[in-house]
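Below are two complexes that have chain A in common, paired first with chain B and then with chain C.
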Partner chain A sequence: MSKSAVASVHQALRKNFESLESNQKLWRSTLADCSPLMESLGNLAEQTKALSNTQISSTPLRDFPDLEDRLRFKLSLAIDTVLGKLNEKMSSLQSVRDAISNQVSGVVQLYEQNTDTLDVVAVTERSATTPSIADMLEWLQDAERHYRQQFLRRKALLQTLRPDNVSLLESAPKRWTSLESPSAEDSITDALWKVSFFVESE
Partner chain B sequence: MMSLKLLSVDPSDRGSQRCRLGPGLMSALGLSLGSPLLVSLPGGNCLCIAWPRADLAEGFLQIDLKCSSPRLITHPPTYLDLDPGQLTPLPCLKLKGVKITVVVQSVDFKKHTNPRLVHELVKDMLKGVRVHIKYVVNLEDFDTEIRYVVIESINLDSASAGFITSKTAVEIVGIQTVQHYKSQLEDQHTVSLGGLDEVSASLREMLQLPLLYPGTLSSLGVSCPRGVLLVGPPGVGKTLLVRRVVGEVGASLVVVRGPEVVGSRPGESEEMLRAVFAQARCAAEEGPCVLFLDELDTLCPRRVGSSAPENRLVAQLLTLMDGMDQSDRFLIVGATNRPESLDPALRRPGRFDREVIIGAPTLLQRRAILSVLCARMPLSPSVDMADLAQRTTGYVGADLSALCREAAMQAVQEITKGSGKPVVCMKHFQEALKLVRPSCLRSSLGRTELSPVSWEQIGGLEEVKLKLRQSIEWPMKYPEAFLRLGLSRPRGVLLYGPPGCAKTTLVRAASTSSHCAFLSVSGADLYSPYVGDSEKALAQLFQQARACAPCILFLDEIDSLIGSRANSHTSNSVHTRLLSVLLNEMDGVGLKTLERRGAEKVLQAEGVEENHAQDQLDYQEVCNKDVMVVAATNRPDCLDNALLRPGRLDHIIYVPPPDQQARLAVLRVCTKSMPVDVDVCLDELAAKTELYSGADLENLCKEAALLALQKENMEASTVKQTYFLQTLTKKKPSLTLTQICTYQTPLR
Partner chain C sequence: MEGSARKIKDNAADWHNLLLRWERLNENGFNVAANIVNLRLSQSDQRQLLEESFSPSSPLSARTGAAAELQNECCKLQEIIDKMVTVVTKMQNLVTSQQGIQDLEDFQFGPKGRTFPLFHTWNMKQFELSFVTLWKSFSQELKLKQTILQELAHTGTSDLCMVYLSCWLYQPFIPHQVRLTLEALLLETGHRPL
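And then the complex of A and B:
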């Protein structure tokens, strides 16, 4: 009985780790797509600031009518486009996060259904090729939490941008890159290495 | 079972709500992976989920405080040992709905962020968290502006804890900032305060009025007061009062300490001051706020010269206080014990509208303070608060708390010797009274340590003793009788008489029998080479004496201290100036406003007598709020007439040289500790010592004893009559008849 339960949980874990690996790659590539967009957002903010600092009436461009307003409109239009693109990226990040969340909660649920047959000893049993169920569940949960955190932080950053606060817009790319936490990413990669024998042992 | 060592949480576990424990303990408690677990810690409880340690070791515990009691947020538990019994499994069901308060980092975020976005973010953050009602969920690991979430209520009937899923409806009740939230948390543990009810009521009113009736105030077209200056001697509880009231009202407090604001670079101080005001303005947007400027005299001294750096700081403070507009709803409270050194521009309406003077506590206030301080002490029934309050004249709140601490320490020391529960008795307080002296007399010149003298130690002079008792002891002991007959306590007493007739000793006995503060001053204390210094010292002495009234101020040899205006040759000597100070202080126009103490009490004649002891204290407080001057001289003719009129030195008591009966009594007192021979007849000696003063008689006894030692070669065991008689022939009396005659003429 216990054997079969362990086997079914192991099976679910294997699947989970496989999808985690693919999702991780997807997450990375999407993030990589975001950084040029953020750069351009910062550029646009800088241009807006420069526009506010110049007095067009004292330059040779004063002959053009409504130049400042037109420029401002153009810039805000550009910012809008960039933000729209970023939003698309965010929704794909969200789908990655949701996929991971659903799978992890699935395996946790599977474990919870089998708690009667899987006691603490069975859960903490580990060998050279197979990490214990507790460890693997922990890694999965940690990974899920990491993606949830990452997504939330980035979302909060984008959502709190305001058109009237240029300095906030200007510092956005910097803050965006500072949100990356390589150590957490590394620990996910580590976990994937640790389970590689287990995943291939099918 | 073995105890568990609490270790700090692993960084990788932060935000996971995990509680790491050994697998053995997990199976003993019947836990599986991820089972909710309630851990009770000394400061509060914490809800987490069980997880085996990675190294499977037993005996350790690591808790991530994701969801815990509010107190654990500010005071996280440190290394301690826990009992496995402190862990209890707690079933958590899925929640349908939850009501929360969100705590965010900055006011800016609160103001500008869309509530829908906050809701969205919080809901995402809370997913998968086990929550307990009234606990705080720590969201710092998400690193956003949203720091905590307080669980106000959950949608489950019986259980107090539950599990938030993506389907749980999250309702945000309110949004606060971290600062406001933490200050509210701290306010729940404020100390209570005794004897300052009136002042705290007026402060509370100023804080609450604009909040409760904002419409009324604006329709009246008046602005509510925005500044209060608290003035009082050190230790009366100005700072504590502010903190207490702020805690009661639930306002947030921004404290400015003088030295913290002052920076080294030019302009830095002003900048910091502006930042503090901006901070207060931010805090005021969330609720009532008090900006507290402690030790205002250091921050804002009187401006002198033109380019002192302090001047700029003062000017900045003035403009900031003026620049507050009606929308800034915070109250500025300043506290100082040296109001005279403040810049006068501060003390006008519009800046500090009100000035509240907190004087040294009166008798009833002291009793209130003592009962608050002793509320949590195990007191024996022998401790009488009213009596203790009477003995602690001149003690301020800080002194009283030191007194209670000292008494408790005495009790603890007794425990270490013996055994049993510590109980603080009256004798511990008496010991403590010897060690803790009133701080408002600490720097006074008149402070004297007296060896106690009882009335019995003074032979004879029964009439004088009675008069002294009338004027000093009776007003203290029978205040209601004095009030019934419309008597008031005498302002001053003059003792005059030939030298050596126990004038000084009488005063000592009087001060011992009444529990007054006692100040004594001599010429050496007062004289100074600087013009005006002596007068200032005398005035200050009176001021201190009034601060700890009822108080006896003893001026020995007053004739040398203060001359007479009539017969002095130079009209403007130090003596006459001292005299004018004394006359003014004894019966001047009134008190300085700064010396106000307590509230003006008016006694009502009617009314049911409910509590006799309470009445007694009331009477005492009304009757004994003055300083009594006791002066002694042996040259009453040198005194100024103005000093001798009723209202200043009311009672003029002649201390006569001892008559035969009195001499006998004096001799009895002097020979009490002396082994006298059976043949010694004190009556005979008393008859033979006409014109001898008390001091002479004491000297006579001493000389006789010395003579005995001289004659009998150090082996004398008793003093014989012959020695007394021999000494008597050698010694002449120090008084003469003509001298005594001069005292007999009436003084006024």
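And then the complex of A and C:
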């Protein structure tokens, strides 16, 4: 009885780690796409600030009376475009997060359905190539929590940004980078290493 | 297709090509302008350093070298502006040509014009209006760029330099409607399928 339960949980775990690996790659490449966008957002904020610091009427541009409004409008249009692109990236990140959350909650549910037959020994038993079920579930839940938090933090940052709030836009690239959490990413990679034999041992 | 219709359709194609050419010149010009600003700002940094260290003798050659480079970049920008002047002159010729067609139509059909539109829906006035709108935008933008060219290498404050650069890149006098006007013109004259 317990053996078949172990086998089915193992099978689900294998699938989970496989999808975690591909989703991790997707997450990373999507985040990498965001960096240049964030950079141009910072640039545009800098340009808007320079415009505000400049008294056009006391420069050689004074012969163009509506220049400031027009340029400001064009800059905010450009900011809007970049923010739109970032929002698209956020939806990709959201679907990665959802995919991971669904998968992990699926395997946890399967485990909970089988708790009667899976005793402590079965859950904590491990070998040189197969980590214990308890460990693997923990790693998956850690990964799931990491992506959930990352997504929320980045989304929250983006939601504070408005084309007319230059100081927030200016600091956005720095704050965006500060959200990086290499240690959590590393422990996910570590976990994927630890299960690599197990995943391949189908 | 012949007569006025032929001529207007050709003119619409010319507008399309001139706008493309302008965009290319604008991109090249932006790179040169950014170089000028970088050279200019690093030069004024150097000058400050020199004044602080009281040693005007040594990097004189470096200074003249940088000045020559600055001069060189300014010449490049001047060349680009000259090409932009040609583009705007051609645009003006298109406006004149349209006015000529308008006069001819007036002569042939009287002040009320044709009973049926030449293409889909536009009458002569609408062609003239769109030609003039396009031309006015670009000639104003050209004036702005000529001012920037004159001032760029003499500007010490980084804020103003940045304003010049964003003006160059984002072209405040060429609003988004210009693109729409051109597309409408291309649609009307049958260059773009309806």
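FYI, the second predicted complex is superposed on the first by the 199 of 202 C-alpha atoms of A that agree within 3 Å, B and C clash if a C-alpha of one lies under 4 Å from a C-alpha of the other, contacts with A are read in each partner's own complex, and residues count from 1 in each chain.
Quick note on the criterion: a contact is a pair of C-beta atoms (placed from the backbone, for glycine too) under 8 Å apart; a residue touches a chain by one contact, two chains touch by 3 or more.
Since the structure is predicted, the reported quantities are computational estimates derived from the model, not experimental observations.
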Which term applies to chain B and chain C once both are placed on chain A by superposition, clash or fit? fit
Just to be sure I read the superposition right, which of the two partners does A:Ala134 touch: chain B = first, chain C = second, or both, or neither? first
Could you say whether A:Ala12 touches chain B, chain C, both of them, or neither, answering first, second, both or neither? neither
Per the contact definition in the header, classify A:Thr115: touching chain B only (first), chain C only (second), both, or neither. first
So in the superposed three-chain picture, is A:Leu51 touching just chain B, just chain C, both, or none of them (first/second/both/neither)? second
When both partners are placed on the shared chain, which of chain B and chain C touches more of chain A: B
What angle, rounded to a multiple of 10°, is defined by the Cα centres of chain B, chain A and chain C, with the middle one as vertex? 110
Considering only touches as defined above, state whether A:Ser187 meets chain B (first), chain C (second), both or neither. first
Kindly classify A:Leu77 by the partners it touches after superposition: chain B alone (first), chain C alone (second), both, or neither? second
Between chain B (first) and chain C (second), which, if any, makes contact with A:Leu67: first, second, both or neither? second
Minimum C-alpha spacing, chains overlaid - chain B and chain C, in Å: 29
For chain A, which residues count as touching chain C in their complex? 46-47, 50-51, 53-54, 56, 59-61, 63-64, 67, 70-71, 73-75, 77-78
Write out the stretch or stretches of chain A touching chain B in their complex. 108, 111-112, 115, 118-121, 123-124, 133-135, 137-138, 141-142, 145, 148-149, 152-153, 155-156, 159-160, 162, 179, 187
Partner chain A, residues of chain B touching it in the complex: 12, 15-16, 23, 26-27, 31-34, 51-52, 54, 56, 109, 112-114, 117, 121, 124-125, 127, 141-145
With touch defined as at the start, can you tell me which chain C residues reach chain A in the complex? 140, 143-144, 147, 150-151, 157-160, 162-163, 165-167, 170-173, 175-176
